[in-house]
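Shared between the two complexes below is chain A, which has chain B as its partner in the first and chain C in the second.
Showing the complex of A and B:
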């Protein structure tokens, strides 16, 4: 065999090792969630021979999981929508407004990126209790906005800056107002950037544990990461149900990633950090 | 609406949001650190610098600073070494490269809660797959959470698994911008692969690495969820960092002012570290 074929073969083996390293825990989580109790707690085989949906049924019928799932959808959905609206307006103003001092907004947003979570969570929690909205989904959305807004503004600012101003001018010459030019010309051209911001805002909000455990205390308002984590603290450890719950949280993320991985990698490259 | 008023309206929204979500919480948090507050509904009582005196004279604060720094440095160094290594491999051409690249990012997508729960399940004392695997090789049981150093290593292990893909992806994107001609020239000069990595790749990717290390550093230093979910800062407080300490003070010991003081100090320390970092590695601005 020529040397380069050997090298390619070895590289493929290394590639296989990387796949096992990265994906095995995910595979194991899914497999453990469909393995009947007798085999889950006794044999260790890589591929299960019998399957069951028992844990999923228990999870959906006997626990608060469906309620927590709905809460997560509401919180992540609202966070994405509000982030998009505000970040687009702020980033556009900062990118186009020609006066010194506008940088203050961008710098403040950058600073917010490095705040310790508790520096933001303690005052927000105190504040929402004071106005009677402690332990509410609204307070959690507000907390998530402190993560997603800096990210969105920072990313879209870079995006709008790279769009030449001439495109708005041309639209305005054709009779558009500034707002019209923005909505009809700038926004459609920014769709890739908007998708990236939406993907990351969703990811941050959907996966967040830190803010959720601080802002939410009552069982009905918990989001799934917190609800699931509290299952493991209980006396009776039910690994089958815990793994089923984990699989259901991961599923939307894996689906979104399969279709939008391009935007995801783009965002990563631009420093859109999650965790 | 005229052109100017649209921009002013947008800018007004921007200033208001920045004030509401960024400036105000921090000012409020810093001011809380000067009060004694025994619950979130109680009436705060002004105590001046007393919270800071009590935090700074507390042995736990210095221990949390030390173990948080050890955790952050260890996990950043390992993420960098592993991440750069993976990026170099994924930059070669081989069968199935696209698939491997995609799969290697997956750990970064998962919520911390899932990763920690799956890790705990895999190392479960009686039926965990890793426990069985070690057993079948005749290796002794690992007590993942029982000694301070084992608990620290477990935290680092999980963190490295989760966040290495960020380094890999950024470095890989950078590698694709290095022109092949540079490597050709270096090869003509008779350099080996290691020399080319040190003298061509690293200098070309220095700007990217500077940012990656900065971002990872900030997030690992502020990390709360991994440590809280894995060890709750234990055993005996040995893996507690400043974020966990601040949470415990404010929400478990009902010392809101003390928790705010720890958070403020942690922010000051981080700002100072970043200041030093920028002195050593100035960002190249365009």
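Showing the complex of A and C:
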């Protein structure tokens, strides 16, 4: 008995250490974004003595941050929607129909996902310039799809494969068309998988820096990670604004995870155990 | 309720033919079992009737409609699957009501039918639960209920009991048979278990390699198997089968001579396969000598495996407590219990009492 208690205690201790290690920088970022300039670089207390929203005001009123934020929302939103629609269709077809060379399709997609983004980004950029899509949000969405789509297809493929086909057949015998069976039976059962893919796609697109910095050159089309980075100049580093901007980038992620973590973990588990 | 007719039904996957020229007419209210080893095409045939597989050739009629090219939903059938295929995200009530809702039946009618089916299958207590919370037997009853509420022309059951344990299987077998008697709708039941086929069927369709081997009432198939395959597949323990030839008035298998009795006059030297069922052997008479090797007590009966003239065989006799390894029993095979098959084609030689 005591042995297992000790074991538990040690495990908790290690767990706590990991949490502190990974959460502290985030905490420091949030705290720094509300510390006034005078104490920002000198005060070491965990809780700031004076609070200020000055940086947020500067960020939202004096910089292009709101515009960049909107760009990021558009890009990440479009990426998620397009990924969901295409990944569901492709994954379902590959899982259910006899498609010639379907294994090759899935493996090729996974390979594309493992390809270093930088190697994909430069030829893609050249291509987009050629067809007149250089420096546009569309080009950025297309670039993000090269990452999110393979991941989504691969994940949902595993998910659909594990749903017994008989359930759909039962629905078809019960009076559904094939599409009806898909919508009424397959989709509701796939909610954890769908949410996982959506969250992953959003995450990849929302936090992407590599593609954005290559694809986008004009200020109006920048997404927040790039916009924020451009605030770090050679002579002027406004830590307060950078911290406030970072906090705002992280906020949506935090919200998404809080509400969807239950499904997210379920989906990951389903993929991991049976995939 | 309706008759079902399959005419020259063929199923091909590319160059591979998995069901050959299947012809069958199922009468209104009949209980037909498709029986065969796995991969024999029985499930494929059932799925073609359901419309879940495309038909490569021939026609399927249900009632007086040609349903060959209709979607499953337009065939007015109900199907019970081996793994139950309940909708895991719906309650038992919703599982049963799903088809009726799709058919846009009025709410009271749906409630009435689900309640009736639930009562018939003893599911009233479970209607609010999800499939995950049920046992295998309960899930299978829900699957039956889901089929039942729809008042289909025909029930299709695809190995419905093979996921259940032995005891439950026997009980569900009785329940399905009782259900069939009560509602009188035609049923087509696929199984690889010959006991299920024998006990439930009005007629058995035995298949092998996509080809129908024999169609007939259970006892008819048991008494007069059309070929060696049917002979060995039907009956438990398996029929003893030996390859030999005709020698005078006997069947000669190596050293063993089995009198043919009044059996068809066959030309001397014709190559035959000869068979008899373990349970038809009469011990204590005749000239054949059986040396006991292994005794299995089944309760009412005793099953012995051993040899006769060096040939392995099984015999099943009334309970005997004294048998042990090495005992020798004399036995005979009564008139009419000997099955003769053409050795090359495997089909039954049976002119005498046709």
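Rule of thumb we're sticking to: the second predicted complex is superposed on the first by the 237 of 275 C-alpha atoms of A that agree within 3 Å, B and C clash if a C-alpha of one lies under 4 Å from a C-alpha of the other, contacts with A are read in each partner's own complex, and residues count from 1 in each chain.
What we mean here is this: a contact is a pair of C-beta atoms (placed from the backbone, for glycine too) under 8 Å apart; a residue touches a chain by one contact, two chains touch by 3 or more.
Here the structure is a predicted model, which means the values were calculated and not measured.
Novice: For the three-chain model obtained by superposing on chain A, do chain B and chain C clash or fit?
Specialist: Chain B and chain C fit side by side in the superposed model.
Novice: Check whether A:113 is in contact with chain B, with chain C, with both or with neither, and answer first, second, both or neither.
Specialist: Only chain B is touched by A:113; chain C is not.
Novice: Once the two complexes are overlaid, how big is the angle at chain A between chain B and chain C (Cα centres, nearest 10°)?
Specialist: Seen from the centre of chain A, the opening angle is 90 degrees.
Novice: Per the contact definition in the header, classify A:246: touching chain B only (first), chain C only (second), both, or neither.
Specialist: In the superposed model, A:246 contacts chain B only, not chain C.
Novice: May I ask you to name which of chain B and chain C touches more residues of chain A?
Specialist: More residues of chain A are touched by B.
Novice: Touching A:152 in the superposition: chain B (first), chain C (second), both, neither?
Specialist: neither
Novice: Under the stated touch criterion, which partner chain does A:164 make contact with: chain B (first), chain C (second), both, or neither?
Specialist: second
Novice: Quick one: is A:189 in contact with chain B, with chain C, with both, or with neither? Answer first, second, both or neither.
Specialist: After superposition on chain A, A:189 lies in contact with chain C alone.
Novice: One more residue to check, A:177. First (chain B), second (chain C), both or neither?
Specialist: both
Novice: Please work out how little space separates the C-alpha atoms of chain B and chain C at their nearest point after superposition, in whole Å.
Specialist: Once the two complexes are overlaid, chain B and chain C approach no closer than 8 Å between C-alpha atoms.
Novice: Both chain B and chain C touch chain A; at which residues?
Specialist: 172, 177
Novice: Under the touch definition given earlier, write down the residues of chain A that touch chain C in their complex.
Specialist: Contact set of chain A toward chain C: 164, 166-167, 169-177, 180, 185, 188-189.
Novice: If we count contacts the way the header does, which residues on chain B are in touch with chain A in the complex?
Specialist: Residues in contact with chain A: 1-4, 6-7, 9-11, 13-15, 17-18, 21-26, 28-29, 32, 40-41, 86, 89-90, 92-97, 99-100, 102-122, 124, 126-127, 129, 132, 161-163, 165-166, 169-170, 173, 211, 215-216, 218-219, 222, 224-225, 228-229, 242-243, 246-247, 250-251, 256, 259-260, 262-264, 266-267, 270-271, 274.
Novice: Under the stated contact criterion, what part of chain A meets chain B in this complex?
Specialist: 8, 11-12, 14-16, 18-19, 22-23, 25-26, 28-29, 32, 40-42, 44, 86, 89-90, 92-94, 96-97, 102, 104-105, 108-109, 111-120, 122-127, 129, 134, 142, 145-146, 149-150, 153, 172, 177-179, 182, 203, 206-210, 213-214, 225-226, 228-229, 232, 239, 242-243, 246, 249-250, 253-254, 257, 261, 264-265, 268-269, 271, 273-275
Novice: Quick check on the complex: what are the chain C residues that touch chain A?
Specialist: Touching chain A: residues 50-52, 71-73, 77-79, 81-83, 85-89, 98-99, 102-103, 146, 150 of chain C.
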